[in-house]
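The same chain A turns up in both complexes below, where it pairs with chain B and then with chain C.
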Partner chain A sequence: MADFNVNLRGVGSVSVIDVKGYLDAHTAPELENVFNKLLDGRQYKVVVNFNELKYISSAGLGVFMAYVETMRENMGDIKFSNMKENVYNIFDLLGFPILYEFYNEEHEAVQKFNN
Partner chain B sequence: MNSSKKIFEKELHVKSTTENLSSIREFTKTAAANSGFSEEMVGKIILAVDEACTNIIKHAYKYSPDGNIFIKIIFKNAKFSISITDEGIHFDPNKIPEPNLNEYYKSKRIGGLGMFLMKKLMDEVKYSTLTGNKNQVVLVKYLST
Partner chain C sequence: MNNQIKNFARSRGLENAILVSILLFLFNLIFPLHDSTLLAIINEILVFLTVFFLFNYIHQFLKSKVDSPLTLVLNGGILAALIFFIVSISKAILGSPDNNKGVGFFNSIFSILLIFVFIGSVDYIFSTFRELFFLRQKKDPKMFFNTMLVFFTLSYFSNIFLLFDSTFDYARDAFYVVTIVLIFLNSLRVAWIAFLPKKQKYYLLIISVVLSILYGLNFAMIGDNNVMRKIIFTFSPGLHTLINLVMIYGSIYLGIIFFTTLFHLPTAEAFDSKSEEVSSLMDLTKLITQVFDFKELAQTITSITTRVCNSDSAWLITKRGKNIELSSVHKIGFVDADRITNNLLGTGENDYDTIEIIQYDLMNQNPKGNEQIYKSIAIAPLKVHGKINGYLFAARYRENDFDQDEKKSVQAFADYAAVALENAKLIEESIEKERLEKELDVARDIQKKILPNTIPCSDELKISALFVPAFEVGGDYYDFFELGNDCLGFVVADVSGKGISSAFIMAEVKGVFESLSKIISNPRELLIKVNDTLKGSLDKKNFVTAIYGIINKKSGILNFARAGHTPILLCSGEKIDRLQPAGVGLALDYSPGFASSLKEMEIQLKNNDIILCYSDGITEAKNNKEEDFGYERLESLVLKNRDKNLDSISNEIMKELSLFSRNHSQHDDITLVIFKWNKNN
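The block that comes next holds the complex of A and B.
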């Protein structure tokens, strides 16, 4: 069932991951594959664009927890952008805003890496 | 129409695969919306049920796809109650510590968030062991009028 889609693209030196649809325990491995690909390619500056993500469960949140430290240890980060309110509320409930940067627009998050 | 007077009962039986999470969510969504919950609240209930079933698939059945998950939703007197029963390995929810995000960050542990979310999203979360080695979690949300 194609209820989740993940796409990887480069914006300058930053890797942007577009997530679309439903991110749950069934679809989270697809997102992990993309992060593993980034690590293989030593790409540590990541922006996740949530514009088309409708739903996230803790299995999806766990993926970001699993990779963020490695990115930061290598002068990178995982930053979030374009998140819908219902999705942001779940991140907020778990205290993510203390540990992660959230931006309204993708270019703001990309810009932050270039500063 | 006073939706709090509505009474209904719905059941769903699925096998323990993560592939079934989408149909579990759809089933829960229809029942919660028909009970008169707001879209925001429906979203919270769906997530709590997803987390409970994900825990069962992961911990009770250890990802074995042949296990049974029985979901029963009862809406009565403004009480929306979801009972989820499995026949897998019993796990004690009290042994799962409250997650501390800073600790998670350091240790890269990625479990326990689901239980925390369920408790945050619902009014009641109760675990029990039934006869015949069955485990049951009951999630409750009250419809405020």
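The block that comes next holds the complex of A and C.
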């Protein structure tokens, strides 16, 4: 079974989620838990660092879609950074770059929130 | 040989008995007086055969009554009373034996009939003793009984020897005494008494003493010098001996029964409760395999616990995590049971790992009003695999504590409840699993019905479509629409997610495309409209990727728009291109941004151009190194096989794909739609 890891850390007022491994229908609930925790703590500014993510399925994409609206309604957002090319291609195919902000480096995304 | 005789005697029991009886009857009509030795011997043998065959028949017939020994005793007793009655009446009416010397025809018939009554009664009584003898015997006591039978026979025939030599009577007496000793020994086999319920034991005590006396009286009267003795004795001395012996047997046997029953009385109650416990446990075992409703079983368990463990109330609780639920109560209210349970269990977890007896009245010093307080309560855990799933309570008002045996049986019932609870859980799970599998079947069915049965085809435009469902139903969909004006519309779509929900979304998407394709003839506008229509009907997490295109079959112009779907591959000559006009997946964005980002593409097809539409089930198929099949492999396959017909191209692609992912299960639907343009423009 492909494994998946998720880690949450704070960089100033921004929450950074590190995702690692394979994000699919089986592992998506783990990521959902993290987002629920953020909502409970009223943390709406989120950067997802994809540096170590190897694969994402449509169910994995669904997680971001489920939460982005709430974040945006509360003056926050979900921004993506450090994405590998193969993962970016999947986002790109679906037209995500029109809906989400993608950054090469995590600090750029964090910077964007702080401005 | 021996068995053959046995079988013959048994299978024809009734016929044999009747036959010999008739013979005996006729013989005695013809020769009312047995004045010669030969006649006497023949008569003795005939009587013996009658007795023997009748006994054989009756003993077969009695086999069915073995379950109620008391009935056997009573039946024998009634016949004994009949004999007593006949002897007494004959004594009163006929007077002293010396008066009656007539051997008239009617006298003969009368005495023969009387003899038959005696033979029947004695046979029946003896049979009942035989059945009782074999009842509840652990070892096979046949030997003892058969020895006794042999001595009965010897005693019978010893009378014949007397006819030759009257000094021979010591032999008769010897046989007689030995028979009585054997009777006494055999009478000691009365194990069946122990298994009678208490009530029946009391009953047996009374009838056994009465019957013992009755048999004794019969023996005395028949042995005495009266008219009945004379009739029997003149008819057959052997029979007289036999009747005497059976009466002695009855007297001894019932006497022994009386004393045995008397000694069994003190333990009768304990024996009753033990046997009830055993039979309750057996009933429960049966119930567990038959009843799937745990509540129903819990009812039975609490009521049996109350009865068998001599408690005044019982109740059963089940535990799920920290939630405690009263499953059933017996002879106690829900409120009381709940209150006592809370008192006993408190907040502590796993308090009672093994059965414990609580002195409840000591715990609870201040009863409200005149409420009756339980003196002791037994708590037994419902334990399976070391995990406690609940408790069984048995409570008692009385002073005396639960003894060791009662504790054991409360725990036994708790164990049964634990197993039943586990069973119920497993059954629930398997029903749930079955339900899910059915759901999957429904989803597959929907998917099958949604896809087109026939693929449109013409000389200019050849089409091949292939669909391979994954085990978990996905949401791939393709369709073709004849639009008139030589235009063919087509859609290839993929609903995110799996299972029945995506199958339903797919059905909805099909409906939307089918109706909108008739109204809107521009692919981009159509996809925008589809996106609007889907608003509100999809979950936030779900989306649909799609390509909608229109091919003009006259001009070979392809117009299409792409909403997040995998790019179209266009193979033209030795060149292959990914056509990926911008476009966001359907249901991802309902803002005007969707429309403004969606681009349309127009292509003029050339002769032998191949167009490939497919789902990500192909490009994202994995091998055991978790690598994607990817676009390059797909593209080079198309290039390599471009001159073959369309079905061969799909076959080659599928072959390569299954080789690539042979150690990996297919986790997404695969759709492959290929067009080929065959016309020089």
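Everything below uses one rule, namely that the second predicted complex is superposed on the first by the 113 of 115 C-alpha atoms of A that agree within 3 Å, B and C clash if a C-alpha of one lies under 4 Å from a C-alpha of the other, contacts with A are read in each partner's own complex, and residues count from 1 in each chain.
By our rule, a residue touches a chain if its C-beta (ideal position, glycine included) is under 8 Å from a C-beta of that chain, and two chains touch if they have at least 3 such contacts.
Note that the structure is a prediction, hence the values are computed from the model and not measured.
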Superposed partners chain B and chain C on chain A - clash or fit: clash
Touching partner for A:26 - first (chain B), second (chain C), both, neither: first
First (chain B), second (chain C), both or neither touched by A:39: neither
Touched partner set for A:98, first chain B, second chain C, both or neither: both
Partner chain(s) touched by A:3 [first = chain B, second = chain C, both, neither]: first
Region of chain C that runs into chain B when the structures are aligned on their shared chain, from 435-443, 453-461 or 597-605: 435-443
On chain A, positions contacted by chain B and by chain C: 22, 25, 55, 57-59, 61-63, 65-66, 69, 86, 93-96, 98-99
Chain A residues touching chain C - in the complex, by the definition given at the top: 2, 22, 25, 54-55, 57-59, 61-63, 65-66, 69, 86, 93-96, 98-99
Residues of chain B that touch chain A when the two form their complex: 17-19, 21-22, 25, 40, 43, 46-47, 50-51, 54, 57-58, 99, 101-102, 104-106, 108-111, 113-114, 116-117, 120-121
Residues of chain C defined as touching chain A within the complex: 496-498, 539-543, 545, 563-567, 580, 582-585, 588-589, 593, 597, 620, 626, 628
Complex contact set, residues of chain A against chain B: 1, 3, 22, 24-26, 55, 57-59, 61-63, 65-66, 68-69, 86, 90, 93-96, 98-99
